[in-house]
Amino acid sequence: MLKTFSIGGIHPAENKLSAQNPIATLDLPAQAIVMLAQHIGAPAEPVVQKGDIVKTGQLIAKASGFVSANIHAPVSGTIEKIDDVADASGYKRKAIFIKTDGDEWLETIDRTPDLKKEISLSPAEIIQRIADAGIVGMGGATFPTHIKLAPPPGKKCDILIINGVECEPYLTADHRVMLEKGDEIMVGIAILMKALSVNKAIIGIENNKPDAIAHLNKMAQAYQGISIMPLKVQYPQGGEKQLIDACIGRQVPSGKLPIEVGAVVQNIGTALAIYEAVQKNKPLIERVITVTGKSVSTPGNYLARIGTPMLSLIEASGGLPVDTGKIIGGGPMMGKALTSIDIPVTKGSSGLLIMPDREATRQPMQNCIRCAKCVSACPMGLEPYLLMVLSQKGIWDRAEEEKVMDCIECGSCSFTCPSQRPLLDHIRLGKNKVGQIMRSRTK
Amino acid sequence: MSVVMITIATLVVLGATAAVILYAAAQKFKVYEDPRIDQVEAVLPAANCGGCGFPGCRAFAEALVKADDISTLLCPVGGAAVMAQAAGILGKEAAATAPMVAVVRCNGNCDVRPKTNNYDGASSCAIAASLYGGDTGCSFGCLGLGDCVDACQFDAMYMDEKTGLPVIIEDKCVACGACVKACPKIIIQLRKKGPKSRRIFVSCVNKDKGGVARKACEVACIGCGKCEKVCPHGAITITNNLAYIDDEKCKLCRKCVEVCPTNAIHEINFPPRKEKTTEEKTEEAPAN
Amino acid sequence: MNKLTVSPSPHVHSGDSVKKNMYGVIIALMPALLASLWFFGVGALVVTLTSVAACLLFEFLIQKYLLNRAPSILDGSAIITGLLLAFNLPSNLPIALIIIGAAVSIGIGKMAFGGLGNNPFNPALVGRVFLLISFPVQMTSWPLPIASRMSYVDALTGATPLAVLKEGVKSGQSMAELTEKIPSSINLFLGNMGGSLGEVAAIALIIGLAYMLIRRIITWHIPVSVIATVLIFTGILHLVDPQQYVSPLFHLLTGGLLLGAIFMATDYVTSPMSHPGMIVFGVGIGVITVLIRVFGAYPEGVSFAILIMNAFTPLINKYIKPKAFGEVAKPVKA
């Protein structure tokens, strides 16, 4: 029997409309808007000024602080300005505006398509290279990768798990990368294994991608210690904790990181970026994005430079449908609804989902009928109906006891509730509040 | 007969034993309570609103009795009168405080601040604010979902359906500050109620640059600095493209109200102006 | 372009709704309704229609005039209450009593607590127990199946198998004598016996259970734990002294056990929220039912057992939590 995680879970309609469409390279944007905060942690610090000429791949902002990431020029051209721009949530954030003028790359970057297999760098050098290249978790969490690769003292990693699950409905970017960049991914994984000094890696892939499973299985023959694990389709299998549980049956304890059970999880896209950074010296300046939706005329997967306006992605897929009611950055379960399409691609953009009007709004909420379906669905074994009430009433200490902080914000509860209750909306607020309280306590 | 006697005797003995035990327990576990706590509590408004910063009126009374210097403590509901009474009981000095009132520092109703998207999440300002900037171009302004109104225990607020903004009923507002805490955008502020309840404040909290702010909302403070220049008392400062009037320094001369190009400065409870100024105003209006 | 809609994630929904679940339960009740029409004919029809109509009416009136809310009688929950109430009544109960039962169910059992979602006790059972205590004679005269198909209040009546058993054991008859008086297992399974109109046909109730499980309207935890507990408990008793205690199969197929375990104990509102809690709840119902049936004064105890466990539901919810992720962590030696 196929494995999956052990508690809760749901089965949203998969809608992988663009699974068969190969990755197309998008044209360079006329102007690249590079946000300074596109990762978790402190925004990067600009190292260029207005009027500077930059080459593609050149460092334009450096990491500031421990949790932060470098940012590189995605195009070559002139720095127009460093100014505020509304981000996906409508708040103004700093960004570097580059006026594109061709695509002249830094000479140090190897742009040949040849596969480079030998890993000459030492683990410490690998991690440094990854940090230099500004690589962050590409599944959407955007946590700086080099930090994840350096386990805290006293903790030892014994297995690397690669997330090829792509459990979000609609999204197919990782799927395509697995099919088209199999070799690069394998080398990327080998690099990661060396950096972590583990001799075992598992690629978890849901069973709805048999072609990717077969393809990578074939590739894996040539690499020591890498195996593919097909998993039963169930959301949220791509959650770090769920994936570890599904693949190796270890459960990360409440409030702890995966390293506690000896595992490190990396995304497929990240593995590819690591290959390019370490073997080709290429920083993270582009990524694969799925543009999809039932009303989109040609859903597709695109390789786009960071800083490309979302609008050009939509245009490449046949333009914005007239009945568009909602645009989501990411997948429908955990993605963020956008307030406008005048925002740029960032390192964490995994998809752009366009929903027609009729699907865009929620149904009216009703009383909780205590059906316990949210409890059955929650992959963390929480009681969402209760957490919602506690958070509405502001009973933060009870919410903490009921482990509100364990919520992974997967949305399974809101998805399931027959009364259409906005459970996660309230639980997320509860998490924020309880998190603040806990931090102020340790201070 | 003897049955009756035995019954009565048993009951008497039982009762007596229980009484002794109860008395002993009461003595043993007795806690000394300062009688003044009760006296002070009696003069407090019993609203238990938490505006004083304590979990309820009794806790506040305890704090008043315990503290040597009570000048930093204030019951906003009872105000100076109640504090004086309490101070009298305790023989301490209460600080002289001016009465306060809550003001809403956003005037962006639907006509002047057009909606740019539709919010469809749980109806709570806190949730909307943690999600995004809001359903208009202004990411500082009122979200209109009424967390403040829910927080008010004195029925002193309501949402105006037409403007989508909260309104404070001055006479009912006790300045407990619950709404100030509830608003995730920090739009509501407690300000001096002012003589004859007259006060002047900037009804905007937008820190965007003038052009951006103005584009999102016609009545936004654009940080032009005209008010700062005209104020004879140095009460106005501009930081981050936003004017702020210090209610300690403001002498209510109303000069700033006249010069503000976006009408972001509000005057409350003033008599109507003399002819001349009103005319000017009406003439100016279409130009805005 | 129209204004975009913005909301927190998730942006999709399962499409499930209160209505779908409620109507799912109603569909699941249909086989049992058909069986009752087969066995009790007109009586069953009159009782069911009256009960459903009365429940809908009371729900409507109370919501509209007492609570000043928009009536939501079409969400299906009042229909379920009406059906379940009817299923718990003998098919010759006078209309007036049914209406009283419906009024108590909806008025006291449900609306007094704030309507759907807030009632601590199963409304249909509140109505049933009220009637049982107030009108014990009418509530315990059971029309004979099939024989009284064409008659309503004047139907021929007899005792339920459980009552026969209880009387028999009390008067010291041997189990062998008693077995002759009660219907055979196959008749019990099909529902050919006296009893409340909806509880008789085991097969129909089990079909309903299967339907609800397949549609994921309920989970298996409550019905299975109730039934398993009764089987095990009465099984042990039967093994200890087969002369004194009847076989577990008899307990399973008679009285309201299946109806209770499948449709009443699983009521969303009044049952626990976590799977372990549901099992505790089910075991509790099973144990109390057997205690009442075997050692108590009443021949039947499912209704009381469910109501008693309903009262414990908040406590169960408080102390019995779902299995949390990470609790079974096996720390790994590297």
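Note that the chains are named A, B and C in the order they appear, and that numbering of residues resets to 1 at the start of each chain.
By definition in this document, a contact is a pair of C-beta atoms (placed from the backbone, for glycine too) under 8 Å apart; a residue touches a chain by one contact, two chains touch by 3 or more.
Predicted model, so just to flag it, every value in this text is computed and none were measured.
Asks: Where centres are the averaged C-alpha coordinates, which chain has the largest centre distance to chain A?
Replies: Measuring from the centre of chain A, the most distant chain centre belongs to C.
Asks: Select, from A-C and B-C, the pair of chains that is joined by more C-beta pairs in contact.
Replies: A-C
Asks: Taking every chain's C-alpha mean, which one sits closest to the mean of all protein C-alpha atoms?
Replies: If we average C-alpha coordinates per chain, A lands closest to the whole-structure average.
Asks: Suppose each chain is reduced to the average of its Cα coordinates; what separation in Å results between chain A and chain B?
Replies: About 42 Å separates the centre of chain A from that of chain B.
Asks: Once you find the CA centre of chain A and the CA centre of chain C, what distance in Å lies between them?
Replies: Once rounded, the distance between the two centres reads 48 Å.
Asks: On a C-alpha centroid basis, what's the spacing between chain B and chain C, in Å?
Replies: From the centre of chain B to the centre of chain C is 53 Å.
Asks: Provide the list of chain B residues touching at least two other chains, using ranges where the numbers run on.
Replies: 116-118, 120-122, 127, 131-132
Asks: For chain A, give me the residues that contact two or more of the other chains.
Replies: Touching at least two other chains: 337, 339-340, 360-362, 422, 425, 428.
Asks: List, in ascending order, every residue of chain C touching at least 2 other chains.
Replies: Residues 4-8 of chain C touch two or more partner chains.
Asks: For chain A, which residues count as touching chain C in their complex?
Replies: 7, 10, 12-13, 156-158, 169, 241, 245, 250-254, 256, 260-262, 320, 324-328, 332-340, 353, 355, 357, 359-363, 366-373, 375-376, 378-383, 385-386, 403, 406, 409, 411, 414-420, 422, 424-425, 428
Asks: Which chain B residues qualify as touching chain C in the complex?
Replies: Touching chain C: residues 115-122, 127, 131-132, 135 of chain B.
Asks: Can you list the residues on chain C that touch chain A in the complex?
Replies: 1-2, 4-14, 16-18, 20-21, 75, 77, 115-118, 219, 268-275, 278, 317, 321-332, 334
Asks: Could you please specify the touching residues of chain C with respect to chain B in the complex?
Replies: For chain C paired with chain B, touching residues are 3-8.
Asks: Can you list the residues on chain A that touch chain B in the complex?
Replies: Against chain B, chain A makes touches at 84, 86, 88-92, 337, 339-340, 360-362, 422, 425-426, 428-429, 432.
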